[in-house]
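Should a chain be cited, it is by its letter among A, B, C and D, assigned in written order, with residues numbered from 1 in that chain.
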Amino acid sequence: MDHTSITTQRASTTYIRAMYSAMIQARIMENKLSSLYKAGKIVGGVYLGKGQEAVSAALGSALIPGKDIFAPLIRDQAGRRAFGEPFIDCARAYLGSALGPMRGRDGNIHRGRPREGMLAMISHLGSAVSVVAGCLLAKRLQGQMLGTVGATCVGDGATSTGAFHEGLNLAAVEKLPLVVIVANNQFAYSTPTSRQYACEDLVDRAKGYGVNGHSVDGTDFLACADVIGNAVALARAGGGPQLVVARLLRLSGHGEHDDGSYVPDSVKAGSFGRDCIDVAEQQLLERNIMSQEEIAEIRETATIEVQAAVAQAQQEPVPDPYLEDWRAYHSPFDQSQS
Amino acid sequence: MSVTYIDAIREAQETLLREDPRVFLYGQDIAAFGGAFKATKGLAEMFPDRVLDAPISEDAMAGLAIGAALQGMRPIIEMQFADFSSIAFNQIVNHAATHFYRTGMPVPITVRLPSGGTAGSGPFHSQSMEAIYAHYPGVVVVTPATVADAYSMLIESVKLEDPVIFCEHKFLYRWLKAKSFQGDGLPIGKARITRMGRHATVVTYSAMVHEAVRAAERLQKESGWEIEVVDLRSVKPLDIDTVLASVARTGRLLALGEAFPWGGVTAEVVSRVVADGFHLLEAPPMRLNSRDTPVPYHPKLWAAHRPTPESICDSLRKLLSY
Amino acid sequence: MDHTSITTQRASTTYIRAMYSAMIQARIMENKLSSLYKAGKIVGGVYLGKGQEAVSAALGSALIPGKDIFAPLIRDQAGRRAFGEPFIDCARAYLGSALGPMRGRDGNIHRGRPREGMLAMISHLGSAVSVVAGCLLAKRLQGQMLGTVGATCVGDGATSTGAFHEGLNLAAVEKLPLVVIVANNQFAYSTPTSRQYACEDLVDRAKGYGVNGHSVDGTDFLACADVIGNAVALARAGGGPQLVVARLLRLSGHGEHDDGSYVPDSVKAGSFGRDCIDVAEQQLLERNIMSQEEIAEIRETATIEVQAAVAQAQQEPVPDPYLEDWRAYHSPFDQSQS
Amino acid sequence: MSVTYIDAIREAQETLLREDPRVFLYGQDIAAFGGAFKATKGLAEMFPDRVLDAPISEDAMAGLAIGAALQGMRPIIEMQFADFSSIAFNQIVNHAATHFYRTGMPVPITVRLPSGGTAGSGPFHSQSMEAIYAHYPGVVVVTPATVADAYSMLIESVKLEDPVIFCEHKFLYRWLKAKSFQGDGLPIGKARITRMGRHATVVTYSAMVHEAVRAAERLQKESGWEIEVVDLRSVKPLDIDTVLASVARTGRLLALGEAFPWGGVTAEVVSRVVADGFHLLEAPPMRLNSRDTPVPYHPKLWAAHRPTPESICDSLRKLLSY
């Protein structure tokens, strides 16, 4: 399937512009996180989505906040932005502010706004697939399914989890409008795909679940817009679960503590080593979808907003153990009884 | 006319489905078939959209429940046997249990675990997993011992905002009968004095409540000892006040459970009692659990693996003679 | 793929005869178990492999006892026999004799002789797949891999487990000589396959794992001999994991407590409703592989042996809780310390 | 020159690989990369066939280990974090743990769990799961607190015929140093008196041994109290004799652990001590665990979630003033 040819017809300009904005916003935020980490301002891990912004943003931009469900994973800064996550949520989570959705109780990529349809991931890979399926089943039971989509991303490594398998299979049985994106970035931490699976292409799994499979070059901005936008549209139109496999390369270490030196130079130099943001800008300019000035403006605005969010989060109070209620229950049980 | 413990579980689910459109049931073979134990018999006919057969995917079943709960539903998941919830362990303890603390948004799911031993069921269809789940913050673990509790606590579990592990004892399913589902209205978190006594307190839960009462009756007949039996009803939260009040009256404690001996409910009960009621005790508090092996298949081994009226009487005689 | 045409060339007569013997032995044993259950002589569940004997025996007969690994599942009475399990093991397990490999500690289908390469299943479906893979990895590390095969059976329902997925994927990554047979008997307990998976055919999953896929009509005796025999041979020859999907129908309830009344008459009347033993006998006679007399003799011998095994097990002591050591550890820890 | 706790774990694995051809290592990112914590650094180069990267399949990793053990190997599985062993839970407690009792054939696997909290690690990279595994018959659960124990107990774990859950504390990895790997040769199943004292006994394990010693030193300085610290070393089997002997000397017990408060090691310790040593106690035995919430991410919350020298001192002061 070559999707790029039909891109400009199918993916609307609004969608493509939103996608690019989210990508650049994510990149700028993550560059900032990286410096904060290196300056010792962040305790705990910092995980970046460098190189995966096109895939992530294509998904996030195709979803409708307030209606759809999105369960972002490790490298979905861009998708989160596209789905409407404010910078301050990210800054607060990483900097441990007592304000914001996580209140310092959980951090970094584990943030979310579940009441608004953006789930707060747990670390255990693959776990979100069935949870999103459950959200969608609920919507069906509530008579609110029409035109709703649920989506999540996993990595190549996460496809080896039983949770991924059980969740996708269940969604297929229930014919739920679930979009699962596999960002096959060729490594799970240090582990190359040759130690992760033995099939030729992970998209070959789609047929075995009875779902549609889509392949895309995850570094190709417009192809991502097209293929992922199309997959979301198919799910929305009642086509059941969609499995999209995007091939790309993680352009950072696994986390900022990791230099990723195990990634061979040949892989870095290969076609997936290119930066999807460079590709995006080139494609946008070539096709006259955006001008240099617009791009510069988006970058500039993002830089200012990121700075502001980080500055704000840094000034906010951190959690105070003496004010903390230490309650794991919503129910008003006498906590001494627990 | 009489009703059984399994009738109570079925009836509670029917009531919930009828009265609350947020409720739905999900589990293996629970729809047309009515479940391995018939706990959902006829419900799929009455509520065809809300009683659904699941694939053999306990992890995804729990995950689906979590997602549905986040969207405002009140799922009840049936594990075919408690033992198979080991596959759903991660979703329950890491996803459901942590969610309220992490995000402020509770996850009201109810996971039904057909629990405990019956003759010939063997190592993988007999387990009592209450201690495993109760160890984790954020999980409510209930262990009804009566028909009325099976009914009212299941209804209450589904109404709670927190995830509930509902440990229903398979041995009680058809054996335990009552006149009606009507009980004393005690809420989850409150223990019950099942039998009053003066000489020693047995703190227990689930099927062992009945074995304790048998042992108490035997000791009363044999030697006039009056044994108090406390039914915890829920093991997390655990109503230590009722337990302490009983121990204050009797001065002697036997914590009794059917689960494996290391850790678990009996250790938690003893530790709480000695922490807050050390001065009340006239004898060392004792524990009686199953043996420290997998639950054996053969009925003769099984009967000796779990506590019995005989072994409970033995423990109580030791306790009383201190 | 139509394999039946080439059957007689590939599958040796010895193999086919062994297969048939195991099938009929299994059927006679299971008929006996069924009567014992109905007479109240067996405590706990009784699970039969009626209708699945051809598949199970084709696997068991293709394996080499003492060299290969076999992890039988619920409905593998025939495969167990073919792999050399004596009747007495089965009788003892079901009747709770204190003698024999399980000593009353575990029962019925959970029996095994792990020291001899026949694993003792746990109930949790799918769990054996990775365990057999581990046995094979060990053999590789020990330099004893050459020509060794490990095999297990699962049902259609078990394919929905995360354990199945993780295990098969791992075996594929390690290119282990693992044969996984899916006995797709159209039901998992009462659940039809439409509630279990959404793909057209479970064999479509093979490609997604990067393993060979094989399909067979599980009621066709000679086709089973051919396809399953071939799959085992491929694994043995270094072809990596093999996934065989056999279509058939469970000709009993899930267990003997279940009348299976949820199986529609149309399904029972369909082509998978035929009894593989009838098919076997017809094929054996038609092709002059066996005579009526031979078949009658095999049946007779089996009947006598089953009777003897059951009679023996019924006379044997049952476990005595006072003699039981109640030890879950091999290590000589002071048990009071546990 | 000094060596660390993580060095000990690495070194033990090198020794095992060198001396026993049955040993192999399996886990995510443990080969060329040397593991998330570098516990296997360089080992794949030395033993390329026996140090293997696993896919993200904890259930299958444990299953593979079980199968290999049945074929005579001695696998060591590294879970990337203890928390992810929740996925392998079923294989460990139902497959490995039951096998010897069921079949008479032991399953000598060692499962390494990088355990316990560190600042900023949050709810899913901080857990202490010893109580979960210790509840099940047939599992050995070890919790080394020293460099020498990390070394010798890992070697001993692999030599044991039974499945071992090896809980290694991440906080100790690089922080804890020693002159050598050489220790006192205590076997698994024996506790150690880490610090002698007369006025109260703290029974603990793993990283909390060091917090207990700090608290003891502080109390000694402040008020002359002499606190004895017992390091359990293994929580199953649990060396109650050494604990009782200590309590016999001091008359006072604080059971201390970093895990969640419901059930767990501290409850088991208190229950055993009161069962067999009730008359030895001059004060109600106390427990101190983490808070009953998931482990929080923020370092300030984390530091208040787990026991600290301050909270241990507080508990001890209460215990001593009874």
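Here is the rule we go by: a residue touches a chain if its C-beta (ideal position, glycine included) is under 8 Å from a C-beta of that chain, and two chains touch if they have at least 3 such contacts.
Small disclaimer: the values here were computed from a predicted structure and weren't measured.
Of all chains, the one whose mean C-alpha position sits at the greatest distance from that of chain A is C.
The distance from the centre of chain B to the centre of chain D, each centre being the mean of the chain's C-alpha atoms, comes to 30 Å. Note on chain placement: the centre of chain B and the centre of chain C lie 36 Å apart, centres being C-alpha means. Between chain A and chain B, the centres computed from C-alpha atoms are 40 Å apart.
For chain B, the set of residues touching two or more other chains reads 54-55, 57, 59, 83, 86-87, 90, 94, 97-98, 101-102, 123-124, 137-138, 236, 238, 262, 291-294.
In chain C, the residues that reach two or more other chains under the touch definition are 102, 105-106, 110, 122-124, 160-163, 166, 169-170, 173, 195-197, 327-328, 338.
If each chain is drawn as a node and touching chains are joined, the picture has every node linked to every other. The residues of chain D lying in touch with chain C in their complex are 24, 49-50, 54-55, 57, 59-73, 75, 90-91, 94-95, 97-106, 137-138, 140, 160-162, 189, 236-240. The touching residues of chain C, when paired with chain D in their complex, are 69, 101-103, 105-106, 110, 112, 114-115, 119-120, 122-124, 127-139, 141-142, 162-163, 166-167, 169-170, 173, 327-331, 333-334, 337-338. Taken in their complex, chain A has these residues touching chain C: 160-166, 169-170, 172-173, 175, 194-200, 202, 204-211, 240.
Against chain D, in their complex, chain B makes its touches with residues 83, 86-87, 89-90, 93-94, 97-98, 101-102, 123-124, 131-132, 134-138, 236, 238, 255, 259-260, 262-268, 270-271, 274-276, 278-279, 281, 283-287, 291-294.
Taken in their complex, chain D has these residues touching chain A: 28-29, 32-33, 36, 53-57, 59, 81, 83-84, 86-87, 119-125, 261-262, 291-294, 296-301, 303-305.
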